[in-house]
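Following this line, the structures themselves.
Both complexes shown next keep chain A, but they swap its partner, so chain B is in the first and chain C is in the second.
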Partner chain A sequence: MTNILDDYALMSPLRHINNWLKLAIVFFGLLLGVSSTSPITPFFIAFCMSFATVAFGRTPLKFYLKLLLAPAGFALTGVIVIAFFSGSGQELLSFELASYPLAIRADGLELSLLVLSRSLSGMCCLYFLALTTPMIELFAVLKASRLPESFIELSMLIYRYIFVFLEMALSIKYAQTVRLGYSNFRRSLSSMGMLGSTLFIRSWEQGDKLFLAMNSRCYDGKMTLFEVKRSVRAAEMLLTSVYFLSALALFYFTKNISII
Partner chain B sequence: MHIMEGFLPTPWWQVWFAVSIPVILYGIYKMNRLVNEKREILPLLAVAGAFIFVLSSLKLPSIITGSCSHPTGTGIAAIMFGPAISAVLGIIVLVYQALFLAHGGFITLGANVFSMGIVGPAFAYLIYKAGMKAKLNFYAVVFLATAFGDWATYVTTSVELALAYPAGDVLTFAGFMSSFGKFAAIFAWTQVPLAIMEGAVSALLFKYVVNIKSDILVELKVLEDAVVRKLRGTSA
Partner chain C sequence: MIILETRSLKYTYPDGTAAVQDINIEIKKGQKIAFVGQNGSGKSTLFLLLNGTLKPQDGEILFHGAPFKYDSKSLREIRKSVGIVFQNSDDQIFAPTVYQDVAFGPANLGYSRERVDASVQHALEHVGLTRLKDKPPHHLSGGQKKRVAIAGVMAMEPEVIILDEPLSNLDPVGADEIVDLLNEFNHFGSTIIISTHDVDLAYRWSDYVYLMSNSKLIGQGTPAEVFKEQELLKKAGLRQPTTLEIYHEIERRGLAYGKNSPKTIPDLVNTLKPLDLMWVEVPPGIREGDSLNLGVMYGEYATNSPYEAINATVLHIHPDGRAIVELKRKGIKAGGVLLYDTDKYSLQEVRQVIKDGEIVFVGAMGKKSKTLAEQDGIRLDVTSGVIDKSILMALCGKRCLILTAGGMVDHALKRTREYVDKSGIEFTVGVINREGGCKWLDETDGNLGELGI
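This part shows the complex of A and B:
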């Protein structure tokens, strides 16, 4: 909780690559991964994106692996449900749990493997974006899109205040913890309530102050951003096209392959 | 209850985007009108969004050890700002959660916004309005609204998953119901206690706010002056 992914993005050398190129790579991977019908393409995408994040983006490998484990809980529950309850083909494994028959069928397993690989490739693409592109860079992209001004403004202000409040919440939590605020269940409930309400009141006051401060500096509903123009280098372009082409080729050739 | 990146297959993630986008646009339209009317509201909405994010990144104390549980905070937002604006705040917070905390994702953003930004807050808001009309105790209403808002979110997520992966591979009503039952039953282990916890924490939160700085709630038209006085047990 103390270290959010944005901190790593600020330190990454890939930060200085053209934003649109990175977004293109990420959304290409996301879309191709989710529309592939065999688990091979998603695994390939996952591997390439992880390699790019760790080798080019200099994310510590141990930290990266830990990150990949984080959403594993949701993935596993979902995949287990799919594996056990879908499919109608040949039974691979069956047993009884408390007199309730459970069976894994071949096509159910196939489907769950596919879902797992898709999620993995999606997570890797997401981590690539999150670990190499700080939010500040993405605001320039948001400005270029034609989303309503107030929406973008709101997202920028929220971004700013996340850090202010995260620090506040952490220090309150430390203070509560050393005073044994979380020593048993009842106390932790009341501590959480207190933490939330203090956070809310302080953020409210902060919002009032923010409005005054911005108004006195001639705020007219628009914050201007300095956008750095970054050209795409030939080597980056080449590497991206090789990746795109090989992924597409793999997608085409493994269309009808099933592993099991 | 974030559906993780890439979990939904092709027709379904587009469907949930198609369902969510009109609601978000309506929310933005409403927000624009509010901002044009009262310009000081934008910074306040911003701190509210940041508040939701921070609240959702805190771990709740949990009876079942090992389960990672965190409040959604959307119930509180719905009570304070209404469901339309909660939806707009919800989509921004969900993008940040995907980018900073790796909860959820871009492809499944539509489905997640639908369950956590639209259905949950709308449900919480309805219960809150009904409860206040029935003149129930304010804290009890907050507890019910947040808990039921959470459950609505979790049921919607199960519906989304069951529609995408019905039993028997072809979408029939029986297959959908069977698969829905299974997803709902498995997620119930964490979600049912979690919603009760969040309800309790939210009720406590409102209690402290009423005691310390009730004029905010009056200003937001969450509570009327007379109700606040009654809750604090003092006469003006």
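This part shows the complex of A and C:
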């Protein structure tokens, strides 16, 4: 079986924490990270969020780092370009590459660090949400945010059947592979096409069956969603407040600091 | 009382294939019904008709004597009373979590939040899935999904539960659990209808069988009647149940006899009665056909239980004073099947019963009891097919304890008592922790005498 992000979220002990508290923490982190003018606050947020995901949320550290590597790689390449090509202050490092002068200047470096820290903090915040809050917990949030009922119902059904079709797609792919369906590029293309069309037909049929199943249990056009009440405990509240206050304090005191 | 009835029912699919033709059935309340037939014989279509999902072109369906009406209000009533569990659980479970799926039916019936919660809790408890209520369905095993599907239907408290191929794709233990569950619902008064092509299941489990072939009903009756008809089975593309087949083979070799067709393995064992003959010395004056009391035997002379009282009928007297007699054995210290209701559970009591009662064989029925035993480290000898295996052990003079709860206690008690009545072999049966429970038979060691045979 393939594990996807949602599966880690389902197994996480933080799953049972109040959804709104988690959302508040994430949005706080995102906003503060983006509005900070020094890289220190975003780095602090990134560290706190990663710590919470790995230590409290029990996400395997190795998996978490691997997950972080992909977007971090993008951010790093972008940041290097910024460091070399922007800014006009004092030169920190310069060399010639094929008789073209390259230099890192102080404010360029400052800017690139800020960009790196902001993107990192944003990613860590979103990963915190993704790895501790499975989709099934978010439906209640969607409902409370007054989205149209039919939209939520559809997303619930889609969520459920993603996994049915994922399994179906994997077993079809396996059946094709054992009969050499992916042995060269041409065959891969045609196998892929068959897989797609089969899945389409199957999902069409599944729709019929779904309607039958819902009808036989007296479906009247409305799926009721029961939200599980999860109260916020004092310890959680305290920890969140400490985090918020220290992040805000850091934000305030590092407002005009430049690290270089 | 007839709960569901069809009269010359006919349904043809839009492409012209006839799915069911001329079906007349009468389903009585509280029965266990099996529709048996090959794949594509029209069972599934019939079920959709009985649930009001499809509308017949011809004929009618009556529920409690009133014909089905197909306006939305009447359909709602029918679907509440006749629940259907589909063959593929993935078709049936569509909500993102187990709880939400089971709550779907009750919520559609317009129950209050509290009542929905209560029915869901009750249903999940019954199928033993309370702990998994917040899981998404794709994290469940096949058997668990099937139980969620059943709970989803049960939560609406239907009078009739229809299950399309309930045991397909389940492992043997998972299948046994579903059968136990169905028996329990039936015990509480639900009428259960299943479709299957597993003749062994239909033969063993059901009260009444309908045979279907090529969209028609080709036979009906009690399982013993229906599965006797070799020709009919051939026509339906089925074979005889294994138990029955074995029985016929050993009967043909003169090794078994019985009036009823044996359904379960204990029944089958009970038919194994070769003539039990023996040479004995007889006192003068005894004539052929007389009865002799041979007293109590044990050890290698007692074949069914540790001690046996034996009577013999004299068949032939040899001139030298010896005679051939046919033995009639009656176990004295036979084994027993004790039931323990885990609704009133105390570990200490169970341990004491096992020790004082010299119990050598412990089984558990139902998820709850199995979990309890596992938690408290009670060693279980058997967890599936518990009643049958316990009866077999009791027949060999062993004492068995079955841990079980709820309606399964009465079900197990009934089954075992039925066996005792039918076979005439005495062994103790009873529920320990219940008013008017049972005591072990007194030991008979005191007055045993060795016999000079």
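Heads up, the rule we're going with is that the second predicted complex is superposed on the first by the 215 of 260 C-alpha atoms of A that agree within 3 Å, B and C clash if a C-alpha of one lies under 4 Å from a C-alpha of the other, contacts with A are read in each partner's own complex, and residues count from 1 in each chain.
The rule is simple: a contact is a pair of C-beta atoms (placed from the backbone, for glycine too) under 8 Å apart; a residue touches a chain by one contact, two chains touch by 3 or more.
Every value quoted in this text rests on a predicted model; they were computed, and no experiment measured them.
Novice: After lining up the shared chain so the two structures overlap, which partner does A:Tyr159 touch, if you call chain B first and chain C second: first, second, both or neither?
Specialist: So A:Tyr159 meets both chain B and chain C here.
Novice: Is A:Ser190 in contact with chain B, with chain C, with both, or with neither (first, second, both, neither)?
Specialist: first
Novice: Mind working out whether A:Tyr252 is in touch with chain B, chain C, both or neither, as first, second, both or neither?
Specialist: Neither partner.
Novice: Tell me which partner A:Phe139 touches in the superposition: chain B (first), chain C (second), both or neither.
Specialist: Only chain C; A:Phe139 stays clear of chain B.
Novice: May I ask you to decide whether A:Ser150 touches chain B, chain C, both, or neither, giving the answer as first, second, both or neither?
Specialist: Only chain B is touched by A:Ser150; chain C is not.
Novice: Going by the contact rule set out at the top, does A:Arg118 touch chain B (first), chain C (second), both, or neither?
Specialist: In the superposition, A:Arg118 contacts chain B only.
Novice: Can you tell me whether chain B or chain C touches more residues on chain A?
Specialist: B
Novice: Examine A:Met214 and indicate which partner it touches, taking first as chain B and second as chain C; both and neither are also allowed.
Specialist: both
Novice: Both chain B and chain C contact which residues of chain A?
Specialist: Shared contact residues on chain A (touching chain B in one complex, chain C in the other): 135, 157, 159-161, 164, 206, 210, 214.
Novice: If we count contacts the way the header does, which residues on chain B are in touch with chain A in the complex?
Specialist: Touch residues, chain B against chain A: 2-10, 13, 28, 31-32, 35, 39-40, 42-51, 53-55, 57-61, 63, 68, 76, 88-89, 92-93, 95-96, 98-103, 105-107, 161, 165-169, 178-179, 182-183, 186-187, 197, 200-209, 212-213, 216.
Novice: Write out the stretch or stretches of chain A touching chain C in their complex.
Specialist: Its residues touching chain C are 7, 10, 134-136, 139, 156-157, 159-161, 163-164, 167, 206, 209-210, 212-220, 222-226, 228.
Novice: With touch defined as at the start, can you tell me which chain C residues reach chain A in the complex?
Specialist: 48, 51, 53, 76, 79-80, 83-84, 86, 88, 90-97, 99-100, 103-105, 107-109, 113, 116-117, 134-139, 152-153, 156
Novice: Using the touch definition up top, name the residues of chain A that touch chain B in the complex.
Specialist: 1, 4-6, 27, 30-31, 33-35, 42, 67, 70-71, 73-75, 77-78, 80-82, 85-88, 107, 111, 115, 118-123, 125-127, 129-130, 135, 148, 150-151, 153-155, 157-162, 164-166, 169, 173, 182, 185, 188-190, 192-201, 203-204, 206-208, 210-211, 214, 221
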